[in-house]
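Got a structure for you, written out below as structure tokens; questions coming shortly.
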Amino acid sequence: MLEHAYGYDDVAIVPGEFTINPELADTKFKINELEFDLPILASAMDAVVSPSFAVDFSKKGGLGVLNLEGIYTKYEDYSEVLESIISSEPDKSTSIMQQVYNQEISVDLIAKRVQEIKSNNAVCAVSITPANTKRLSPIAIEAGADVIVVQSTVTTPRHFSRSITGLNMTELKKQIKVPLIVGNCVSYNVALEFMHTGVDGILVGVGPGAACTTREVTGLGVPQVTATLDCSRARDSYFEETGRYVSIITDGGIRTGGDFCKSFTSGADAVMIGTPLAQTLEAPGSGYNWGMATADRSLPRGTRVSVGTKWNLETLLNGPSSTSDGTQNFMGALKNCMGFVGAYSIRDMHKAKMIIAPSIKTEGKFFQLGK
Amino acid sequence: MLEHAYGYDDVAIVPGEFTINPELADTKFKINELEFDLPILASAMDAVVSPSFAVDFSKKGGLGVLNLEGIYTKYEDYSEVLESIISSEPDKSTSIMQQVYNQEISVDLIAKRVQEIKSNNAVCAVSITPANTKRLSPIAIEAGADVIVVQSTVTTPRHFSRSITGLNMTELKKQIKVPLIVGNCVSYNVALEFMHTGVDGILVGVGPGAACTTREVTGLGVPQVTATLDCSRARDSYFEETGRYVSIITDGGIRTGGDFCKSFTSGADAVMIGTPLAQTLEAPGSGYNWGMATADRSLPRGTRVSVGTKWNLETLLNGPSSTSDGTQNFMGALKNCMGFVGAYSIRDMHKAKMIIAPSIKTEGKFFQLGK
Amino acid sequence: MLEHAYGYDDVAIVPGEFTINPELADTKFKINELEFDLPILASAMDAVVSPSFAVDFSKKGGLGVLNLEGIYTKYEDYSEVLESIISSEPDKSTSIMQQVYNQEISVDLIAKRVQEIKSNNAVCAVSITPANTKRLSPIAIEAGADVIVVQSTVTTPRHFSRSITGLNMTELKKQIKVPLIVGNCVSYNVALEFMHTGVDGILVGVGPGAACTTREVTGLGVPQVTATLDCSRARDSYFEETGRYVSIITDGGIRTGGDFCKSFTSGADAVMIGTPLAQTLEAPGSGYNWGMATADRSLPRGTRVSVGTKWNLETLLNGPSSTSDGTQNFMGALKNCMGFVGAYSIRDMHKAKMIIAPSIKTEGKFFQLGK
Amino acid sequence: MLEHAYGYDDVAIVPGEFTINPELADTKFKINELEFDLPILASAMDAVVSPSFAVDFSKKGGLGVLNLEGIYTKYEDYSEVLESIISSEPDKSTSIMQQVYNQEISVDLIAKRVQEIKSNNAVCAVSITPANTKRLSPIAIEAGADVIVVQSTVTTPRHFSRSITGLNMTELKKQIKVPLIVGNCVSYNVALEFMHTGVDGILVGVGPGAACTTREVTGLGVPQVTATLDCSRARDSYFEETGRYVSIITDGGIRTGGDFCKSFTSGADAVMIGTPLAQTLEAPGSGYNWGMATADRSLPRGTRVSVGTKWNLETLLNGPSSTSDGTQNFMGALKNCMGFVGAYSIRDMHKAKMIIAPSIKTEGKFFQLGK
């Protein structure tokens, strides 16, 4: 009666029938006319993407998404605000965040932050919740934003409220000229319905991120491999039907190169990552991360996570790696994996075989790792 | 040959195809003519429901169930008795309880406790075991009890013993005018047979509570999601056949808002909770909880659990929440969840999709929560 | 391709459609003309059954099985030998046992031990390995043994060796007049083939005991619920075909009343237990237990286990229980369970429903047991 | 949609319908004309097989495989190089290895190491990566190597790179006269395609070894039981079609006698082991082990593991065993297991039944092992 769903730790990738040299693997990601060397979006989290991080990340070839409803658009001088969250006692952090985020968004700061990014020749993507999209997206686009991301914990094409004036994605898509990404969703039907509204990309994932406790609080959640497989099937059906290719961007729960590779074999065209980026020296969170729902005024669905500051962005993305636990050189891992499964492109990766094979912990009784 | 059964930790709720604003979610619970704002019954456990707790809980909109065979009807001055259990050494607690509970029930105290609750304008529900129902229920009803709960570890409509005079539920239902809830049961057939006797509500669950060790002691137990799904199917069949709607109240094992939400997507109309209420400042257990079978004279099937005193009833039920682990603001969690799955009512929640997706523990190797 | 198998921790018992009072539950066990109040055999392990333990256990209504190839038949004064094993250092215990057991069996001591048991009006069962059965069983029977148990890690009706003279069970059964129990086996076909040789009881189980490491050493093992279900189906087929009822005795892995109850719902007519008995004050092991294969000269497949001395035999078997973890009052647990599933007899228990429902560990994050 | 895959800890072996005495079990392994008493190859890891270890292991009846691209062919005096790795700090070990292995292979040392082994009357097998096979295999063969092993993390018969000149296994097989083993692979199709190229043996396994972190880093991995079952089916199909028998050698993840036995019931003709051999007194790693990919210059996929120095080779292989956890006397375990399942030969072992039965951890709450 109930179907099984699977996450990264539940599956493994099976090597292909032929192999290729990693040098032959093409990892590019396209959304409409925009092309990125790295198939990676940086999460719209205040501890991950600041204006300067967005610039750094764009120069590496990825796409950073700035949260338009957080610290950067609420406070002119955001560094001391970040500091107040970072330095708070563990048991106070949620209530301090509730207070910090209880501040109005400044329209002027939206324009300012977008221009800060654009003036550095970086691609600028911004994230807005559905309720604020009609009001804030024109401001961001006018200031130069290249990509609009409409994002909340769960987003569907049909949202009902007393005010009745829900966001109409089809209309929005007609009004704005830049690529539009929406999310998050986790199922075939919702993804398909979104594609029919004309959106360019879909964020997949409810509940799996490290800083997210939606599942404990509300019971909601779909493990990331199953969610990505389902939404990717919708993309393939829609592509077959219409000839238009809508990107699937899987969002949440990636901690290692292994998880990163499994995203693509699950059908993703790109991934959105938060915590691994929050661990870099360039991230504004100084070794901490938290989700936007952490600051919800009456029902926080996230938590501040101590992630540590580990290495720089280059090491995370391109190595070289000096550890062997998969936390460095994500792109090297991807290219090697593509070699092992014989995938020349990300789309080839979608055809790779996966199996259900829970991770094995052999350490302990018989020997000790890394000693 | 053997079927799989699932509990709260094994499943997750899938977001719906449309969403609604939480303000549109109606969470009311009805049993016959009685209507409650909260779909929550407080467990008939001595550490959870005292007469004064029943009053507090009724005022919040829920229904507290007073155990008619425990400390409150055995001792005039029950506070020192509670204290003797609470202050006992861990390894002595079971034998101290065996001694405390080895005392006769006072008929006078039954009437007195019911009146204490009623005189405060609260709805009064009382719990009696099947063996004592014929004798004690008239006393409770005469004193003003609004709901009778007939409850033991496992209850079926047909119980055989040497004395032959088992409780006939059909006859009992004819004699008493107030709503009758019976339990606990866990299967389609037993739930259906109970409905045919005319009962108004059914308690579902054997073995899952935190203070319950029935499964370790006797091997008996059915995980709560499967038990609730099965008994709810019986309710739906019976409703289709007769037009009468019998409430399914799932009882045991709920610790978080997530578990609470999953109860309703499993088919429950209301839940009975113990341990989360025992953790409130208003509870008589002062940070401890135990089940009635803990005091069994020769085969204890429960244990005293140290649950801590955490916050007040209002915070547990309606927040605001300052933690993000799902232990506060159960009603906020439910309304948000109903929004995410597009459920206007509890009955809509019954149609939400669930998947099998064991909880993931990501903490530890890669980062630390709440630090 | 591969089938799933289940053990005690993987399953739970579902309550029945009607219930009975525990006083109505008949737990008797019969093997041919011998009838026992308790459906329990004490394992043929030197730390469990000494001659005096066999007498104590028989008086309680069970059947103790004396190992005829261990300390009691190798040493006239066995107490100091037991002491040398018990007091050995953990890392020396296996090699000390290898030395102690490397001693010839004394035919005189066999007769003497049997007579010690019989002279106390106890039922006497003895265990012999297949290789020694032809030589030692006549001695034991002449001395008065009531039941012969032919037992080794894995026993089949067809064993091939260079010497060719394997034990022919059909012939053996013709020669001896007392009931014959053989084991261990775990599958339908082997159990059925054994029944056709005329044996009276079959021991079921390879690998699950607490003092057994056969699975780690050789990879062999079948979880106890599946093994018992399979062999019980053979018993039922054979009974239908021939009208003769051969007892299925499940052996190994029982630690709690819950496990004990699940043995019967898996199809067992009786159980053989070791470790819970080794924990009693009456046991010769003084808080330790070990299997016979622990002393194998080149490939030990067992280990000395520190089990502690917990309570007396009466508390283990009939309570009253002062703990709530299922480790006391096994018979009370069984009778209560039979009440909950509506079983008047052990054979009724065979029809009870079980489900796959892994044990839940809720302790820790939310509350603490027994504190 | 996704298939389940299983590893050693997930399965157990079911006893057979008849049994044999272990003395009747024939464990020989043949590859072409070469016959070995032990069905065991020692892994081509620098911490496992040095020239002198290869000699010792050959004398015991097994086949040691010397890595031709490691320390022994890069350094004339390799002992101090080993020492520098072994004595490095845990967090430095990967980068020290990256440095040590960044050294050219000496063609002279290849010949020298082969001659060292051959001059001691040992069988000599050497391992080369596909990229170096054409260049280095003639040198090794001319120096006297008896077996060529072409091995990398994942090897397929078709590898594509910019240079186009991939290794053609069919041609290679025609040129060299000694037996050729290739690997690693994990699937039916790749194994079958390799067999059609004429190779004599196939190494099975990606990801499971103790010193291997390929799965964490790249997501790749297939649990060993499933991989071996699949490749063995290919061998059986190919044998049926052509009459030529290609050996399946399972490689990785074996820690106990139980794992070792399960390899054969999964279909293996022989096994390759690393860590258990690295734990012997004869091993060059002095209590450490590491895989070749640990030293990858930009993406290490392995780690230095502290395995301890436990006992000598004889104890590991033939006992006698003084422990009971399956870590000693692998051959004794295999012969006993063959007895229990009634297998006269390794090929009989392929027909033994296995079940899915996750390992049980009973220790802790109820008793303590080995105390």
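Read from first to last, the chains carry the letters A, B, C and D; within each, the first residue is number 1.
Definition applied: a contact is a pair of C-beta atoms (placed from the backbone, for glycine too) under 8 Å apart; a residue touches a chain by one contact, two chains touch by 3 or more.
Only a predicted model underlies this, so the values are computations on that prediction, with no experimental measurement involved.
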item	value
Both-way neighbours, i.e. chains that touch subunit D and touch subunit C	none
Angle of rotation relating subunit A to subunit B [CA atoms, steps of 5 degrees]	90
Interface numbering overlap (same over half, different under half) for subunit B and subunit C	different
Centre-of-Cα separation between subunit C and subunit B, whole angstrom	40
Length of the line joining the C-alpha centres of subunit A and subunit C, rounded to whole Å	57
Contacts with two or more other chains, residues of subunit D listed in rising order	6, 325
Contact pairs between chains, per stated definition	A-B, A-D, B-C, C-D
Subunit C-touching residues of subunit B, taken from the complex the two chains share	1-7, 9, 90-91, 93-95, 98, 153-162, 185-187, 189-190, 193, 206-208, 210, 213, 215-223, 226, 253, 255, 275, 279, 289, 294, 297-308, 325, 327
Subunit B partner contacts - residues on subunit C that touch it in the complex	6, 11-21, 23-24, 229, 256-262, 265, 319-326, 329, 332-333, 336-337, 340-342, 354-357, 359-360, 362, 365-371
